[in-house]
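In order of appearance the chains are A, B, C and D, and numbering begins at 1 in each one.
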Amino acid sequence: MRRFNFRAYRVPGTNFPAAELDYGLLADRLRGDRLLIDAIAIVERNQLNQSASGRRYGELRLKMTNRVEVRPGQFAMLKPHADFEPLLRRAMAYYRCEDLADGLRVEFIYQILGRGTQSLSRLRPGDMVDLLGPLGNTYDTQPARGRRALLVAGGVGSAALYMLAENLRSEGVETRLFIGGASAGDLPGVDRFEELLGAENVICATIDGTRGTEGFVTEPLQDHLRSIEARGPIIYACGPDPMLHRVAQIAEKSETTTQLSLESPMACGFGICVGCAVAIKSDCPEGFVYGKVCTDGPVFRSEDLYWAE
Amino acid sequence: MRRFNFRAYRVPGTNFPAAELDYGLLADRLRGDRLLIDAIAIVERNQLNQSASGRRYGELRLKMTNRVEVRPGQFAMLKPHADFEPLLRRAMAYYRCEDLADGLRVEFIYQILGRGTQSLSRLRPGDMVDLLGPLGNTYDTQPARGRRALLVAGGVGSAALYMLAENLRSEGVETRLFIGGASAGDLPGVDRFEELLGAENVICATIDGTRGTEGFVTEPLQDHLRSIEARGPIIYACGPDPMLHRVAQIAEKSETTTQLSLESPMACGFGICVGCAVAIKSDCPEGFVYGKVCTDGPVFRSEDLYWAE
Amino acid sequence: MTDGAVLHIEVAGIGFQNPVLTASGTCGYGLDMAELIDLNRLGGVCTKGLSARPMRGNAPWRIVETHGGMLNAIGLQNIGARAFIEDKLPRLRRYNTRIIPNVFGYTVDEYIEAVRILEDGDGIHGYELNISCPNVKAGGESFANDAHQAAEVTEAVKNATRRPVMVKLSPNVTDIAAIARAVESAGADALSLVNTAVGMSIDVETRRPRLANITGGLSGPAIKPIAVRCVFQVARAVKIPLVGIGGIATTEDALEFIIAGASAVQVGTASFYDPQAAMKIVDGLEAYCLRKGLDSIRDLVGAVRLDQDL
Amino acid sequence: MTDGAVLHIEVAGIGFQNPVLTASGTCGYGLDMAELIDLNRLGGVCTKGLSARPMRGNAPWRIVETHGGMLNAIGLQNIGARAFIEDKLPRLRRYNTRIIPNVFGYTVDEYIEAVRILEDGDGIHGYELNISCPNVKAGGESFANDAHQAAEVTEAVKNATRRPVMVKLSPNVTDIAAIARAVESAGADALSLVNTAVGMSIDVETRRPRLANITGGLSGPAIKPIAVRCVFQVARAVKIPLVGIGGIATTEDALEFIIAGASAVQVGTASFYDPQAAMKIVDGLEAYCLRKGLDSIRDLVGAVRLDQDL
């Protein structure tokens, strides 16, 4: 049986600021076997940073009055509450989660790019955020048991890998992170990863050479794969499309199982718009069909993806 | 000669938050003999209040780095800087102005009604506000010399009358304010008016009777006019249309000169959209033409207005 | 919370517990939506557009956000009419809501074929015809852009089913009232309006269209004023009931359409950014009727007050 | 700051120092705008629509803000062509910018009459014809909605003047390319597009239309995707230059139109809420050309990159 909960919200029909809405849960439902909630979360902290390369990031910490299980790789759809523009929520990977006696604390890392992330960057402690989540599937850590795990992060893609790293550690899987970015300041969460995995297991690559090796993160990854024996490690990657494609190629050569966390423009995040199309291999004549990143993913096995030329 | 000043602003063409704009003056130009500026002002204070009748108000205090002469009855077009929605700025009467060594401090009172005033209500100290002003004409105090002045305010209309009251006082004109609202909490600025004019010269009327007489403000005004001798006082009024219409009728009967400060939906506030039409008497066959509230007003002599039936 | 009879309304012979439906393409096949709202409280569900055969859809990118709206070029990806009645309908039927498959084709025959397949499905209350597709047999112009072709496909489908047929109009026409009249004469039981407005967005850094399909359909609050105007105009042109669509996100939005002449409304894009939007509108409409002392929302349909006669 | 030659562009035989104009009805007669921006830095000014005789305009309310845009029903209030050339033009001419009176009428003769009066004015560089008015002699349908009528008024005006004539198209049509071709054949020197989209807004408390005129024209960022699509479509249909209009508020917006096929752009509604918008776009376009190493903005006109041929 599905659990259904519908909390009172202010009935529209008045001109009053939506900001007067009670905050809390709007709805929670079981999705398959997992709880999905549409809630209003409260900003605890929103720390903005600028890197030497000029890129800007935010670390957003929210508190919710509801507890819900979040799995590594899942994401939420976020938007400052009562903002008219932009309309659509933005997908953000859960970076960290902490169970509290009276709810849940969740963290996100975002790069400030366009209108959506700009609006997130204006949030201040006490502000309300519309949060729909957790959404999407999770990394499969089963194949990593008894092997080693290589995590590959490009820029803000690292956010999607932190909880995975935590899980792998607690499952006793030897875990190494390859993280790349434009400059030393473009490796979000790298210090926390070093804390978790040990500095020796975090390999950095920056375009300007200000931290780790100079160049793309796929170089040290490739070097590492070349240096090790046959039964390869499993790779989990999240980052910009070109990086993921390169990782997939490298992995294919070294016959390594790879799980990629994809991005795509999303209107809804929960499967109803079919906007987040990704080409998936299929034995139909064209060789592929379109799947949905939001519900079929965001994590895909590399060998299932159909890469356009 | 026109003075022209064009300050550097961030050139668009990047996706960066407009919030990174330098604040300060965007342009200043002489309009007739007066300076008009398009500037970014900084919020010093934004105090929200709710009255017993459930209406909500904000008192917004801004600081600008430029000095400019503001005359009673003039208004500014305001909008939180970098807000996408609503698009249009909102007209707000200057409530108070204070010259500073390094600029100008201006205050506004607004009633929170729709999207524009809601967005103003979210402003916090340090935030930036797009401000175009001062706009419009001013009250003519000439005819009040040697007579008495009766100010009539409906609700938030009082804001447009405070600087006028200051001027009249300093010109030695005996000045009395009639102020009406739904409840005691709906008489914005009333305490300050009492300070300025003396409590005996501030006559309140509230619908619920919680301050002053019960009913519309036009009642005590009419009583007062009946009680005084022939050479009537001059009336200055600002408030909702029905109140202004009633004041105009009362004034007509008692042969009193009246200046009314009008409202109208405005897109631009500086004369280019022709959206703020008001019917002005004319000797054409139809008896009226349309003037612009923003540049021909907002202050009109009652006898010039053509009231629709 | 049960909805009072005050919101009950009949459109095209179908009784709806309230006038709030979810729009085609913005609620999947209804089931995905059921994960976030209680379908039992919804007036009805218009499914994602269904064709006789499954369709792959367009390459990504398929969506772009614009100011106050979004462009989409999904390319009508769908599982096909057969899979719908076999895999989705049985589960969807369990909810107490009206089920209206949205149907499309690229020829009149394809419409008929899709409807014939759907006729096998139990628990379907009526069809919505998406006629905004290019008519490939008649030069590739959209059925919706031509009164004659719009009427032709309407009549053909009416002859193929005894279920009520609602025809969905496009705003991309010079005279929507003329199309509406033609479709009414051809036997449509109701009209829904509007579909998306054709738009385009270009990435100025790459100089490429943001959508792989180049152009797409504009939806969301941006088009609401256009959609309200269309409903207002069509309400004056036809007698059959109308269902308003276009940028509806709040109770006020829904009321605007109803007052302009719509007997019911569909919530589209708003469900993407506020999944509860349709539910909030159901509650909001009831509250409005209560506050205004209305016995039935019917009394509000087309109740716009005009000073002059048009 | 002087604009480099990089932004210089010729449209309809008129040389513009840069491709940024202010749109008709959104800059008065240019002079009001001069109180906030330096007209000497502007490509050109399209005046408020002028008719042979002054017009009173509509009753208030005339404007309503919508999501991402606004509706207006000003009713073409204007001081008349004669007053323009006598009271406004002499002062406007002092600025180093192109002056393009926007002209309208309710019959072909009224257009001619207005143009004849304006022919007396010195310093006018060309005309823009607003053909979105109802043709009262031909049943009250808008000139812009019918290829034949649009061509007729274009041809008549072309015969009445040797100054360049730019015809302003409406987005409220099924096939804007067809109208564009007809107007081109009739001799138009350029096309500007688009005018406002017809919309409506209702106050749900009073149940009255918010505009006294009931319907109005939708403008602002909300319509930008529609306008970009129109420019893209028309650029593929005609050879004469295009001027893009519709929701342009930033440099990126202007670039979208130019890349879609417009040789110049007009800034409309944006000037209301950001009087400096046109100036910022002039600077921004120059910065973009610099950054992209372009010698001339001309190289960008219609430079949209398509994977497939259309």
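We take it that a contact is a pair of C-beta atoms (placed from the backbone, for glycine too) under 8 Å apart; a residue touches a chain by one contact, two chains touch by 3 or more.
The structure presented is a predicted model; accordingly, all values stated were derived computationally and were not measured.
A centroid comparison over C-alpha atoms places B as the chain most distant from chain C.
Each chain gets a centre from the mean of its Cα atoms; for chain A and chain B, those two points are 50 Å apart.
If you average the CA atoms of chain A and of chain D, the two centres end up 45 Å from each other. Note on chain placement: the centre of chain B and the centre of chain D lie 34 Å apart, centres being C-alpha means. Touching of two or more other chains is recorded for residues 84-86, 115 of chain B. Touching of two or more other chains is recorded for residues 67-69, 220-221, 252, 288 of chain D. Taken as a contact graph, with one node per protein chain and an edge wherever two chains touch, the assembly forms a single closed ring in which every chain touches exactly two others. In summary, the structure contains touching chain pairs A-B, A-C, B-D, C-D.
Those residues of chain A that touch chain C in the complex are listed here as 4, 6, 9, 11-13, 26-27, 29, 31, 36, 38, 79, 84-89, 115-116, 130, 132, 264-268, 270-279, 286, 289-290, 295, 308.
In the complex of the two chains, the chain D residues touching chain C come out as 66-69, 71, 145, 172-175, 197-202, 204, 206-209, 214-215, 218, 220-226, 228-229, 232, 247, 252, 255-256, 259-260, 288, 303-307, 310. By the touch rule above, chain A contacts chain B in their complex via residues 15, 17, 19, 83-86, 112-115, 118, 121-122, 124. Across the complex, chain D meets chain B through its residues 1, 25-28, 32-33, 35-38, 48, 56-65, 67-70, 72, 74, 77, 220-221, 250-252, 269, 271-276, 279-281, 283-284, 287-288, 291.
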